[in-house]
Amino acid sequence: MAEAVYGPGKSPDQCVANVAELLSEGTAPVLLTRVSEEQATAVLEALPGGRKVGRTIVWRAAPPRPELAVVVLSAGTADRPVAEECLTVLGAHGVCAEHLADVGVAGLHRLLAVLDRLENLDAVVVVAGMEGALASVVGGLVAVPVVAVPTSVGYGAAFEGVTALLAMLASCAAGVSVVGIDNGYGAACAVLRLLQTVTRRRDPADGATP
Amino acid sequence: MAEAVYGPGKSPDQCVANVAELLSEGTAPVLLTRVSEEQATAVLEALPGGRKVGRTIVWRAAPPRPELAVVVLSAGTADRPVAEECLTVLGAHGVCAEHLADVGVAGLHRLLAVLDRLENLDAVVVVAGMEGALASVVGGLVAVPVVAVPTSVGYGAAFEGVTALLAMLASCAAGVSVVGIDNGYGAACAVLRLLQTVTRRRDPADGATP
Amino acid sequence: MAEAVYGPGKSPDQCVANVAELLSEGTAPVLLTRVSEEQATAVLEALPGGRKVGRTIVWRAAPPRPELAVVVLSAGTADRPVAEECLTVLGAHGVCAEHLADVGVAGLHRLLAVLDRLENLDAVVVVAGMEGALASVVGGLVAVPVVAVPTSVGYGAAFEGVTALLAMLASCAAGVSVVGIDNGYGAACAVLRLLQTVTRRRDPADGATP
Amino acid sequence: MAEAVYGPGKSPDQCVANVAELLSEGTAPVLLTRVSEEQATAVLEALPGGRKVGRTIVWRAAPPRPELAVVVLSAGTADRPVAEECLTVLGAHGVCAEHLADVGVAGLHRLLAVLDRLENLDAVVVVAGMEGALASVVGGLVAVPVVAVPTSVGYGAAFEGVTALLAMLASCAAGVSVVGIDNGYGAACAVLRLLQTVTRRRDPADGATP
Amino acid sequence: MAEAVYGPGKSPDQCVANVAELLSEGTAPVLLTRVSEEQATAVLEALPGGRKVGRTIVWRAAPPRPELAVVVLSAGTADRPVAEECLTVLGAHGVCAEHLADVGVAGLHRLLAVLDRLENLDAVVVVAGMEGALASVVGGLVAVPVVAVPTSVGYGAAFEGVTALLAMLASCAAGVSVVGIDNGYGAACAVLRLLQTVTRRRDPADGATP
Amino acid sequence: MAEAVYGPGKSPDQCVANVAELLSEGTAPVLLTRVSEEQATAVLEALPGGRKVGRTIVWRAAPPRPELAVVVLSAGTADRPVAEECLTVLGAHGVCAEHLADVGVAGLHRLLAVLDRLENLDAVVVVAGMEGALASVVGGLVAVPVVAVPTSVGYGAAFEGVTALLAMLASCAAGVSVVGIDNGYGAACAVLRLLQTVTRRRDPADGATP
Amino acid sequence: MAEAVYGPGKSPDQCVANVAELLSEGTAPVLLTRVSEEQATAVLEALPGGRKVGRTIVWRAAPPRPELAVVVLSAGTADRPVAEECLTVLGAHGVCAEHLADVGVAGLHRLLAVLDRLENLDAVVVVAGMEGALASVVGGLVAVPVVAVPTSVGYGAAFEGVTALLAMLASCAAGVSVVGIDNGYGAACAVLRLLQTVTRRRDPADGATP
Amino acid sequence: MAEAVYGPGKSPDQCVANVAELLSEGTAPVLLTRVSEEQATAVLEALPGGRKVGRTIVWRAAPPRPELAVVVLSAGTADRPVAEECLTVLGAHGVCAEHLADVGVAGLHRLLAVLDRLENLDAVVVVAGMEGALASVVGGLVAVPVVAVPTSVGYGAAFEGVTALLAMLASCAAGVSVVGIDNGYGAACAVLRLLQTVTRRRDPADGATP
């Protein structure tokens, strides 16, 4: 799995140093997440080959791998950056997930309109703030793994993502699992762990496969 | 509006005395809510004419009034007592609401199967514990007032109803309003306040009507 | 009902794009809420016809409709912006609510002086921060729907509106319902849901009316 | 000031021993608070002269002292035991406070009906659960010290007194001070501290008096 | 997937009725979780064929399926009931997981002694209370999906599982996902969702497999 | 009692308008609290006669009144601004309190060195952040009213004053009463309420005095 | 160090089995903490040689070791059981600590009266509930390690020990360290860790000693 | 022990004055912690002899003392500043602790690689954010005092250090003690208290030594 550097709280120089160290070892993808403009400028200049998507920079992205069919759903416009962090991290490992945006449950018809896109999947990531209800609805619609990411989107009683976090943990749809607030990176990693299992199973050299 | 006595923490004798006092004044319905078996036995014997439904006892229920078309939705089996408290309080005032039970969002097809029952209503009450997502979904489906009641149903991260409470307050469906945890009585009162408005408007003697 | 775009966290360009999309569909009012000065300048220039009130911009406001008699009460000076957001959203839909400001309960005489303005209403919105006690007092004074909006006004133990939120939910006045902190928009939507009910009832073509 | 033993968590024998020790010293009143039936029986038998009021037992109550004119207001029926603890502790020190019960703000007329009893006082204690709004209203009506006691009365979002506690601390009426949840004893002590000041001032031997 | 009835809060008769209804439909496993002794006696007598393991009863358990190699780790003795709920629910669906108990991180050598059992797995469930550190350590040791279950085990600052819950969500091991407190059932369901993916992939009739 | 305007969140113009309005009525002191530099400059220029002390501005301060002997204790250097707000508000009403600063309990000898200054007082205000222990110690040393003000001073587990607030409310010294976090103004008002009582008692025209 | 079994939540048989297993290994002390009466009876009968002190049972207590001079201070009567758990665990390892009880800060003279007992110590344990102020005062009086144990003693705003916990963590006395709520066992273990250091230093065979 | 001034919230002039006062008394080390660039410039110019390390400035550092063998472990890069504050404060008192950085438990091999550095120590400080699991693992590996410092490092559910704080308090490793969030200074002081004990024991003039 890729090594990742978390940007916030680091100086541009520290970012360069941290990423450079990771690039000097092995050939796995390297990620720098939540970069500021200032960090991005410094790092991209010092360490060529990086590709910036949203607030994530990727070096040595893996070639596309068709093993996993993954969909990332996001509830509202403001949830998109978190969904995109997830998509970028997945993409850096060769997993080309589809993004279904703006399918929050207050406009249920929009979700119902894409129900067919939720078939034949290997995993679903649900990104939602406010009350996070999308995770429960999707958890009831699909039987495969659902990773829920609460976001800090919302005001009033959304409490910076705590409400969505609690709601996803208390979901009435059994077997939904949850990562930390705004943690698109963590959700991607949870899916990539799944990729480990699926890949190993497909490999005839793996004696554990029945 | 009815006067109500809240049972918990009162001795059977105190319940009898409180209800008797209310019965001695006027002709409005009188309610005793959340009664224990012991309280119920004492009160029903001492003050004839009461009718017990679930944990609520009603005296001098109002005759049925057709002014309001109301539906109470509840998400799971364990949410029913709260929904029933709401229905009983509404019924004591003559409002015969319909109860659509077990329509939690994890089984979305069950909710979709009763969508036609959500048409031509005056108000909807949504009773749900766990993550309380039902309020958001229903709030997106109907344009009339939605009163959401979080329940203390759920375990783990449901935190005795706090999760559902926060989720309902942070609902992505605009204009959903919320009452306290397990407060079926309060939800009924919120609907009865609406009845005041609708009734006054129909009464030609009310000069404020345009 | 109007479609609304929530400003915070969006670039001026995103605001323009979001509002433009809504204006391209149908004829309903369109709202942009909590705009910054920078967003407002960009949007008003790009999309003529918008009218800015406080931090809300309205396009295609509905003509005045006399169906609802609504009063918005606010407790202190600092609660006014939330009350005004509510009033502007109501006004965008043709509901001309009256604003009774600075009637917090610590100066009870000011509230008592306007008691007659609380008669013959269809709904009341109460906007209060600090301990939010105004909702309980008003809830005891009127029989019609009361929508309470806690505000983040206050210091010390007001905890950014949490205290007022909890106090309103625990109100000793039965049937008060609550929306999220500072959510003047949500309170207006709750009232507009009521407008749906009242309007439908007045329309002889509606078979559900008794 | 009296010495007090707090009953909960102590065996009847420990209560007897603790009270006996206090009675063996000096002549001040001795109090045992929040006694269970079992504790009360044991203690009253072992240590004659005690008088039980509610869940408080008093030995060596002081003779009535007319120095302080105090009123204790309580909001609802369920708040009475806390108010009574306060009254009993005051009485044990000779302060005969008046109790105005059931004057919660949801029935504002009941409070307005006793406004004249709030004149010419030295201190007011306000006991209220749920949203604790009574403290704010009373704080605006009187200029003398107001000690607010939040109670654990209420359900749903009252959170065992936390809501009332926060609301009283965030009161819009300046200078209201607060003691702990259900702490009728503490409120009485706060008033008795005031008695110290008033008494000292009346005593010509006290050189500090102007 | 199995249908499950949650025992707490239901009368024995309600348990019987709920389970009987599920048994009357289809052929999937049926579960009754967190049963009391009283409920268990009633249900096992009324509905033969149930097998009780810990506090879970299973009817129509699926035959063993070798598709998934799963290990459930639990930290302390008191975490076992939650781990066993997870194991029983997995077993009801034919997944025979291995249980590695008492491998909490304060005795790191015990965990290190079973490191070889963590190889060639498809998924790992980590059950831990107190500070829940086991999830982070295991998450760093294996690359496959890790489902973390916080338990309410612990005292003092464990806060009924909240501490473990937060710690697991904030885990420094990327991609660990979390279910609700004590939710062994939910963790099993999360693993069973994975089974869906693995099974579908092995089935040549599934056109989505590459 | 003085009327006060709370500065934060108001524009300089709003401050000027609010204060001007209060100055136009009666002759009581007028206060503007928590002013910024910008607000202060504007207000002092527009409304002559104001005197700025710390972040408080006072107009029409009352002449010194010797009725009350008050001491304000503060624990650490960082607690001083809150103590000074209290002292300034008291001073505006003619109460010249003494300030004993830097007497936090970690250096108990400093507090013990000023014990004689705690004799013959009418009231004590204790201002402390961090763990707020000073209130308990002082509450045990004096018998007169103690008003405790938690401050937001401290880091780590001080949680912006919440820790001190809770500690003061749970004080083992009976009868300590508490105002909101950083609320030096509120503490002063609590003392001024006491002044009402003491003054009224000294006035022979007051029939309530024994 | 001793091995300990935590009693709550275990059946008497489980307690016997757990303790028996520990007794079958090595010769270190074995502890069973927080036993119920029922557990104690079963365990003492099945496993002779145990000595019960308070709610702790000790087998194979170590002989007295004079290396450490330790004092345990407790604030109030109700804090004693926690202090005694600490003392018993220390005693099981041969550390004979002195207990200074009832020295809470509200009666500062009692603490001042034993100041000489705080000299020439190696470590101090402070056990206090309510606002936990004793830890700060003692932390300022001694220069050696202070381990603070918050207890769940107190009512109202003590919040089951959370207030004391936060207060101790935010202590204005630098270098006070804290263990979990009611965790007398943990405090003893913290002191025993210190014993390791002191003992090793005294042993000439230890090459690390300077 | 050194006297320390805490920088945040003080003007550069106040810092100079506070430090100057401490320098004018005695000869102990003087510390200024958490300085800003602006404060540092002013203070270093006004008060020569200070040495700045990270955000701490030290005057009159003590000569190295070999009495204590201490290791400070930190989990991640972002935890370093807190560890360095601890190291600097220790160094100012002559304790030259070793720093083992980046040994967080998600990469357990890095911690296992330095296990030999944890032998023959007198005390260990563990600095960790996120879920703080390092404290539990280290607590199980060493028998000497472990002081745990939670840091505010982390995002999502780390909640500014609260998660790590709770996790460390609930640690399954007995006898770990905890200081406040980010409180590297406090951890150093806890270790320095230990130095008092060790030093006193080594001094033959101390009659308390056995």
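All chains are identified by letter, namely A, B, C, D, E, F, G and H, in their written order; residue positions are counted from 1 within each chain.
Note that in this section a contact is a pair of C-beta atoms (placed from the backbone, for glycine too) under 8 Å apart; a residue touches a chain by one contact, two chains touch by 3 or more.
What you are looking at is a predicted structure, and each value in this text was computed from that prediction instead of being measured.
Trainee: Count the C-beta pairs in contact for B-D and for A-B, then report the pair with the higher count.
Mentor: A-B
Trainee: How far is the middle of chain G from the middle of chain H, if each middle is the mean of its Cα atoms, in Å?
Mentor: Measuring from centre to centre gives 25 Å for this pair.
Trainee: Counting only Cα atoms for the centres, state how far chain A is from chain C in Å.
Mentor: Chain centres of chain A and chain C, defined by C-alpha means, are spaced 36 Å apart.
Trainee: As a quick test, compute the distance in whole Å between the mean CA positions of chain C and chain H.
Mentor: 52
Trainee: Please compute the C-alpha centroid of chain C, do the same for chain D, then give the distance between them in whole Å.
Mentor: Chain centroid spacing, chain C to chain D, equals 41 Å.
Trainee: Where in chain H do residues touch two or more of the other chains?
Mentor: Each of 156-158, 165, 169-170, 174, 179-180, 186 in chain H touches at least two other chains.
Trainee: Among all the chains shown, which pairs meet the touch rule set out at the top?
Mentor: A-B, A-C, A-E, A-H, B-C, B-D, B-E, C-D, C-F, D-F, D-G, E-G, E-H, F-G, F-H, G-H
Trainee: List the residues on chain C that touch chain F in their complex, please.
Mentor: Residues of chain C touching chain F: 77-78, 153, 155-158.
Trainee: Quick check on the complex: what are the chain D residues that touch chain G?
Mentor: Residues 6, 8-10, 14, 18, 161, 165, 179-183, 186.
Trainee: Name, in rising order, each residue of chain B that touches chain C in their complex.
Mentor: 1, 4, 66-67, 69, 120, 122-123, 143-147, 165, 169-170, 174-180, 185-186, 188-194, 196-198, 200-202, 206-208, 210
Trainee: Report the residues of chain H in contact with chain E in the complex, numbered from low to high.
Mentor: Residues in contact with chain E: 75-76, 104-108, 130-133, 136-137, 139-141, 154, 156-159, 162-164, 166-174.
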